[in-house]
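So, here come the structures, one by one.
Consider the two complexes below, in which chain A is the common component and chain B and chain C are the respective partners.
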Partner chain A sequence: MRLALAIGTFFILVIHGVVFYNQFGHQWERNQHTYFDQARVFAKTDAERAALNGRKPRIEQIVVSNFGETRVDRCTTCHIATDDPRFGSYAEPVKTHPYSPALGDQQKNGKWERRHKFSEFGCTVCHDGQGRGLEPEYSHGKDEYWPDPLLGYATQENWRKDFAPKLKGKEYMQANCAQCHTDTAFPGTALVTKGRGLFFSSNCYGCHRIEGLSDGTIGPDLSDVGKKWKLDYLWGRIADPKSILATSIMPKFNLKEEDIKALVIFLKSRKGRNFAETEIQRFKVKLTGGAELVQATIKPVQINPAEMLKQGEKLVLDRACTACHKLGDRDGGIAPDLSYEGLEKDGPWIYEHFKNPKSTMPDSIMPAFRFTDDEFKAMTAYLLTLKGSPAPAQGDAIYKALCLRCHGEKGDGQGPIAEHLDPFPRDLTKSGFMNSKPEARLVASIRNGVAGTSMPAWGKVLSEEQAKAVLGHIQTTFTKEPRRELKAREIPAKNPVAMSQESVSRGETLFVNRCAGCHGKKADGKGPNSLDILPKPRNLRNTFFVNSVDDRRLLESILYGVQGTAMPSWINDGLTNNDAGDLVNFIRSINSKPKGGQNAGAVQ
Partner chain B sequence: MAVNLKRSSGEDSDGGKTSRRKMLGWLTGAGLFGSAALSAVSNFVFIKPRATYGQPQRFSVGKPEDFPEGTRAILASRGICIVRDGARLAAISTTCTHLGCTVGSADTGFACPCHGSRFDQDGNVTGGPAPRPLPWFQITLAPNGEIEVDKDIEIAPGSYLTL
Partner chain C sequence: MSRPTAPKTSFLATLMDIPRNVWSSIFRNPLPSNDLERSATSFTNFFLHIHPVKVHKNSLRPAYTFGLGLISFFLFVILIVSGILLMFYYVPSTTQAYDRMLDLRGSVAFGTLLRNMHRWAAHGMVAVVFLHLCRVFLTGSYKKPREFNWVVGVILFLLTLFMSFTGYLLPWDQLAFWAITVGTAIAGYAPVIGKDIQFLLMGGTSVGQEALLRFYVLHVAVLPAILTLMIAIHFWRIRKDGGLSRPEDADPKVTLEPMETSSAPKASVLEPKKVYGFQGLVRGPLTKVGQIPDNTVFSWPNLFLAELFTFVVTLSAILILSLLFNAPLEEPVNALHPPNPAKAPWYFLGLQEMVSYSAFWGGIGVPGIFVLLLLGTPYLDRGPKGVGKWFSRDRLLANTIFITFVVANIIFVIIGTFFRGANWAFVTPW
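Let's turn to the complex of A and B:
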């Protein structure tokens, strides 16, 4: 009992001792002693030595109220020699802050003079970090829950290992320089300028909004993205959008590493209300006579009918259509090739697609960009002049030139841009599908395209023979199995049930019972089972597609299924011809409303 | 620990049991009193805050060239007056020692607007209710060539920094 009591009290004493030591034996006190000792060695006069002897370690702090909220920076408690030029060659933390002409520091009579005095600016205004922290872990922000780790210096434990080394370097501080130096061509913030350029040239502006810069509505507003997110998150969202958010619809752009870095720095500089719009403006006017705040916004181009084509070309190239699309040598690697656009599409279609991409391609991911109607017309006129180069005669050469971008090298529908297309390109290796369709229909798909999908009509590029040649290449290289003789099917040539309200409601009931599992309650192809199925169930609200196929084909697909896909043959599951007819009527009825077309009249 | 205690009691010549009991009692007492002492000390230390949210007490006021000879510059926001006398510099408080008003400069030195205290050029009381002369603060030449004033350290009136 006594022993337990003794051990217990001893234990309490130890805990008290540890707490006491942690509370009162600070690292910063030792750092200050190091500084005082070394400064006494440097001291030249007795008065200086006496002054140093009078100093005791204490918390040094700079209170700055010029930049937004009042900052309390206690960094100089440990970094006590920041303004003492005699400690230039010492190790951190007792080290002189470097002098540099790039920071605006000047040398006068052999002595450096700082442009940004610490007593006026503090430390965190440039470096970020937690100014009040007195322990490196907290003040530098190694803790993952601190919002602003030391920019470009601290990399955190939880950051992705492959990103972490790229997030180091003093360039990242340019994001904070740009809080005051908002001039677009400020030499000290070259990477912010580059990032701002990339924001436009890589077409970020099409989807994202940044106050004063752009008006995109598809992606999140980025006006204060730098305040919300740390470097690793920004890097990850640009370099590999789906790695952070699996459901992200942002494409992975083909950006070089230094481009990503510039974009990250630019985004980090977007903190919503930057200092330039607040008290600092007055401070700046006092210091420099006030440099004007310049914002790079896009101004509409006045279209001159005589130079419409040229202006259209300039718009298409300058406004970064090729950040996604392919055009000549430029290739964004996300969206279809525009090189044959003039042969594949007509003017109203292109204009319509510009005004509202979803009106001609219901599942398109293309953003609706803000151009004037005249600009759209000029761009349409330019795109109509694109005729590409004549297609080669050999099947394999044609496939490589025209089909590979979507259907892929192996013909499995996994081309480089396939993941951005909805519906996905057809998997040409599925012999069940390829061999159950007559050759005439496959050739028709090539030459007339598939309405409402990304499959263009190649009729003006490929002749009947060329289409057959490329189909032959596909059959021998990808499908491999020889074409079989099809079993005769009994399909009514016409819908056996007349269109009527009763038929539609019968069809709806049937649809909900039988089809909604895959095609979805809304018939948009997004039913609960659709996630596990490839090819995806057809979006039956894609009016362009549904209107392009006749009743016979719909009936065939319902009754006999679609081979090579998950669509079963419903005739085996008790559906009669009349049931299928009701279903067709239901599908027709949900697509009967006129869609789009309201802008088509503007272009001849 | 139990083993060690037994051993020490075994070596004792007066008989193990009492010695062990004494030893344990001593340890318990030391532990309790030690903890109590430590907590008492920490409580007293915590009474005085280590940092407050005011402006720092040690600050730079600029270069010696900013204060030409004969200057008596009152820095209102800092609460000090920089006095330059030849090649000598001093920092005198401008906070009245009576009730803490900010004193202004007068022909004869300083004058407090609140209750009429008057001070001479060196801050000595020449009239009014002020009980003490104005304090002088430590003034040093920082290694970067700027003048630093430390309001936490008072020095004897009349001690100047010689440039």
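Let's turn to the complex of A and C:
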């Protein structure tokens, strides 16, 4: 016991020794001694030497209060020679900070004068890093938790090894220059300006919001992305979005390395409000939406009627359409194949879709991009020339070529791009649905498409026989159950109730009582039960779809349900033909307002 | 009359004697060499008099207590000392707190060591207090007459958790901010008053300046005061409840004669017919004085050396930990950028894990039942058997229930700590 005690006590003593040693042997003191010794050699007068002899190592610090929150920069404790021009050729840390006209420094009477005086700017305003730190590891921000390591000079150990070397270089500091130098023509922030240009030309703005620049809503808001993330993360998210977040739906853009670098620098400079902005400036930008800034960035292509097709093609290919869509061998893997676009859609539809994607497809996630009308027209013209290659004759080959992208390899509606489509592609393995519909209707869906959804009209690509062949393939491979004789149903061919205000309000009451649980109070298919249901309840505000089906079909769906889905048969539940008629009138009434179409005249 | 002359040699002797006199005025006894002096040493010293003069051999068995209660106390002492020193540098302000942390790490003498010691001792205290609770339960030591001390102990455990929780916010880094956001959100799941408790804790609807100030005051003033008081009661009760628990057969059976109770007690039981020790009087109808074989040893040196040893080991362990591992300090608070996943402090991760299954049952229901069961244990389990033995057969049911709860919680903590990744999805740590 006593021996153990003695050993334990000795142990504590040893630990204290170690702690004291660590406490009093500072690297920065040694650095300052190095500086003093060398300065004594340089000294020309005795007074200077005496002054140096009187100096003892101490913590130097600059309190910077002009740039955001007050900073305490102790960098000059080690980098003590930063402002001493005699140490230009020495090694860090005891080295003169370079003078350069690019930094605004001027030479007067053979003496350099700094534009950015350290006593005013400190160090971290430009360089980042942790100003208060006194150990290189911490103060350079190499510690994994420091949000802003020395910009362009230090990388952190947990950063991806393949990116880290690319994240070094003085040019990254432009992100900090841009905190004050917001002028886009400023030569010192060329890469920030380039990145801003890429942000628009690569259509990043379609999905992402940056306060005062863009207002996309699909992706995360990037207004203060530079404050949230380190370079490593920004680079990774752009270069390979899925590598960082497997569920990311951001496409992998076809960017060159220097383009990624410019984008990273631009994003790093987005820190909410920068030093140059005042509250009132920011508020003004909010009011005007920053239109001037945007116009200064995107230069519209002057469309020349003779070269319209070529210019359209160039726009489609250059402006990252294929980051989502498939076109030839370029495939973004998010949005539908454009290869047959000219056969599936007509000019006004495509043009409308460009102007406002939701106007032709109410639940589309495609952002509205800011092209000029002429550019849109050129792109429309180009897309109309896309006819694809002739479809094969065999059912399975057709399915592979045209259907698989949405309906999936197993026909279950889980194709590679299915999750981005709304309504969801039909699950073709549900025999309840497939076998309750007459073959004619299924063929019609293939050849005429389904309005208001992503199902295109294949009529100009597939002949009646080809459509039947692919349907046969679907029946045998996915649905499996053979078709049966359909029971005749008693459905009025026309709505038995005339359209009237009373009928609509009766229908609305019925709808709220019986349908809103799944279809939602707004009839947008987003009722509380909709989350657990697949296929999702129909969005009954999808005017294109609702207007494309006749009363008889609506009545059938209401009265007899839709087999293979969650829609029940209401005829067994006390709903009369007249009730169903009221419901149909209600559904028609909420879709009666003309939607879109105001731009249709623009396209010949 | 010749005045007594004070010869110089005598004055010098006085001077020479000063150290010895000062010493003996402080410590009244010389190092003890016989039993009388040993007992005197114990009860004449302020710091030692809380101990009994003689201590039962069973209490000194290392494998019986593992010194867990003492370690908890010593960790508390370390925490107070290091905490007070840290208070000299800390400012509970959202704009300054993090900078102060950086100063502690970079430019304050011994700042890193102090912070590390405080952090590791705090984590250690939570763990050791819990182990101490397990020890007391598994040895059945909460039974009569120690019921109330068990309740005090459970309260001390909860206070320790709360103490650690309030301290968690003070560095004002991402770890702190989001752990407290999650922790207070768990409190918000309590029925009826949950939201109010959450609001009261945070002084607002989100963790901000008010929350920081509240947590600071709780951490450095309110809770330590309550904790100190409760510890004092805890210690006092140990003495009053007859020292540490021990098995019945630790002392050979003796037959005891009941006191004569036929005649009504006189105004004073202290009539000079019989002479009792005070202990014999307060304990009831049986007097044990002089009849129990002496199974005790003197506290000096047996108990005190053991305590000193425990202290040295505890301090060494904390110092070594503090030298080897730095207390984490993450990014400064960024309320716009929650880490994914945002995790509560590790000792609440079991709760958070359960909350991920059911907000009310995981956060309030199950832990509430557990705490109520703990508090009620001595009043529910009235069987007198199985005291003072680890995993006694007589207490199979109680021990099984307890171990089930504990193991379940430990498993949840482990899952929450190592197996939960982004969006609280199950991940493997390798």
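To be clear about the criterion, the second predicted complex is superposed on the first by the 318 of 604 C-alpha atoms of A that agree within 3 Å, B and C clash if a C-alpha of one lies under 4 Å from a C-alpha of the other, contacts with A are read in each partner's own complex, and residues count from 1 in each chain.
Note that a contact is a pair of C-beta atoms (placed from the backbone, for glycine too) under 8 Å apart; a residue touches a chain by one contact, two chains touch by 3 or more.
Since we're looking at a predicted model, the values are computed, not measured.
Once chain A of one complex is fitted onto chain A of the other, the partner contacts of A:Ile59 extend to both chain B and chain C. Once the two complexes are laid over each other on the shared chain, residue contacts for A:Ser119 go to chain B alone; chain C is not touched. When the two complexes are overlaid on their common chain A, residue A:Leu13 makes contact with chain B while staying clear of chain C. When both complexes are overlaid on chain A, the residue A:Asp373 reaches neither chain B nor chain C.
In the superposition on chain A, A:Glu29 makes contact with neither chain B nor chain C. By the touch criterion stated above, A:Lys228 is placed in contact with chain C alone, chain B being left untouched. Contacts of A:Arg2 after superposition: both chain B and chain C are touched. When the two complexes are overlaid, the chain among chain B and chain C that reaches more residues of chain A is B.
Of the two partner chains placed by superposition, chain B and chain C are both touched by A:Arg74.
Common to the chain B and chain C contact sets on chain A are residues 2, 5, 8-9, 11-12, 16, 19, 23, 59, 72, 74.
Contact residues on chain B toward chain A in their complex (touch as defined above): 1-2, 5, 21, 24-25, 27-28, 30-32, 34-35, 38-39, 41-42, 45, 50-51, 53-56, 58-60, 138, 140-145, 150, 152-153, 161-162.
Every residue of chain C that touches chain A in the complex is listed here, in rising order: 95, 99, 102-103, 105-107, 109-110, 113, 173-174, 305-306, 308-309, 312-313, 315-316, 319-320, 323, 328-332, 334, 336-337, 422. Here chain A touches chain B in the complex through residues 2-3, 5-13, 16-17, 19-20, 23-24, 39, 42, 47-48, 51, 54-55, 58-63, 72, 74, 83-86, 111-112, 117, 119, going by the rule given at the top. Within the complex formed with chain C, the chain A residues making contact are 1-2, 4-5, 8-9, 11-12, 15-16, 18-19, 23, 59, 69, 72, 74, 130, 132-135, 138-139, 145-147, 224, 227-228, 245.
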